[in-house]
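Okay, structure first, notes after.
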Amino acid sequence: MTDTWLATLITDTPQAGFELAITLSRRGVKYTQPDTEVLKRLRPEYAEDAKALTAASQVVAINFQTIAAANNYWRK
Amino acid sequence: MTDTWLATLITDTPQAGFELAITLSRRGVKYTQPDTEVLKRLRPEYAEDAKALTAASQVVAINFQTIAAANNYWRK
Amino acid sequence: MTDTWLATLITDTPQAGFELAITLSRRGVKYTQPDTEVLKRLRPEYAEDAKALTAASQVVAINFQTIAAANNYWRK
Amino acid sequence: MTDTWLATLITDTPQAGFELAITLSRRGVKYTQPDTEVLKRLRPEYAEDAKALTAASQVVAINFQTIAAANNYWRK
Amino acid sequence: MTDTWLATLITDTPQAGFELAITLSRRGVKYTQPDTEVLKRLRPEYAEDAKALTAASQVVAINFQTIAAANNYWRK
Amino acid sequence: MTDTWLATLITDTPQAGFELAITLSRRGVKYTQPDTEVLKRLRPEYAEDAKALTAASQVVAINFQTIAAANNYWRK
């Protein structure tokens, strides 16, 4: 992939950091399966399965650890 | 999502931090599946499956790591 | 939940910290499934399944990381 | 459990630390299923399943992170 | 393996770090299954399974934690 | 086990550290299933299953976190 999608881990707020964690999690999928059509086809199966949703939330949690540390936990 | 739901990682007590970890875990699910009706439909299947409950507890544990570090472990 | 069950992450010994990690892991389950009757019903299925037991031990390990860090690893 | 089995996280060598990580992993199982007879019965199923063995190795890896940090990575 | 494929964890940008995390994740697979033909055969099954893609994204997230810390989160 | 197989976490290069992470991951399996014959028998099932390979790569990633921290990320 040649586009720039991740220039910094720094965000203004924890919520923006959480949303960046979601972006990282999706990019992790996209590097393995770059075909958007396949990803769209898999989506219903995925988004209606309780265990798959928990697994997705776990990847977000791991990426959020990284981003929160990068932002020094947005401490004032 | 345009509402603000995560303004800070700082909480008064470890227990409030644990409850925030639960909020983060649920939000991680909701970003993938925003349809509340679908989530309600999945809930029974989910909340009565021992492995799914353990997986949910694991996501909470990972998010609690982040929040506990943010709060410097609520050390006095 | 309105009762106070987590006032501090600090414990006197590593073993007490490990036991607190177990408490956190169980609470993570209980926030998702607060019905004690359901949890009791799920228990046999759970406690006699090797993979479920390993998964439970993993959640404890993650929570123990947090508690051990909070206690500065009980170094003298 | 009233016996003392975890008095310190400090070990002389990395290898002793790895072995302590195994002890922690097994204790995590034992707190959920204290019945030794059940654990013995589950063992063959468990120890001959490639995925279960990998899952066990993962719990050890997580506990080893904690113990290695406690020992400041046994740096001289 | 005798070739050098990992000389440093330092990268210029977070995105290059994320891509290095993907390399590490693939190498972790390749050390267990070095036969490229087998890996190619497994790929379709893998890249079209929602849970397998999430699992892959999780390994990337864990490796990205390591690389982000190594780079001090690319803070200026 | 009475042989010494882990005398230090310090390695000269990141790649040697990654290879040590693989050793730790295999040892984690071997402590649970010391019988080499069983491990050999399980191998084909294991090394030709995409999810099992990802799970193995995840354990390596966790152990690599530990080793990379021990080596202060091989920063110059």
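Per-chain numbering from 1; labels A, B, C, D, E and F assigned in written order.
Here is the rule we use: a residue touches a chain if its C-beta (ideal position, glycine included) is under 8 Å from a C-beta of that chain, and two chains touch if they have at least 3 such contacts.
Since this is a predicted model, take the numbers as computed values, not measurements.
**Student:** Pick same or different for copies chain D and chain F, depending on whether their interface residues overlap by over half.
**Tutor:** Chain D vs chain F: different; shared/all numbers falls short of half.
**Student:** Between chain E and chain F, two copies of one chain sequence, what rotation angle (nearest 5 degrees) aligns their Cα atoms?
**Tutor:** So the copies are related by a turn of 60 degrees.
**Student:** CA centre of chain A versus CA centre of chain F: separation in Å?
**Tutor:** Roughly 27 Å, centre to centre.
**Student:** How many angstrom between the C-alpha centroids of chain D and chain C?
**Tutor:** 15
**Student:** Two or more other chains touching the same residue: where does that happen in chain A?
**Tutor:** Chain A, residues with two or more chain partners: 46, 49, 51, 55-56, 58, 62, 65, 69.
**Student:** In graph terms, nodes being chains and edges touches, is this line, ring, star, complete or other?
**Tutor:** Its topology is that of a ring.
**Student:** List the ring in order: which chains come, beginning at chain B and going next to chain C?
**Tutor:** B, C, D, F, E, A
**Student:** Note which residues of chain D are touching chain C in the complex, please.
**Tutor:** Its residues touching chain C are 4-10, 24-29, 31-33, 38, 42-43, 45-46, 49, 51-52, 55-56, 58-59, 62-63, 65-66, 69-70.
**Student:** Over in the complex, which chain B residues touch chain C? Could you list them?
**Tutor:** 13-15, 18-19, 22, 46-51, 53-58, 60-62, 64-65, 68-69, 73-75
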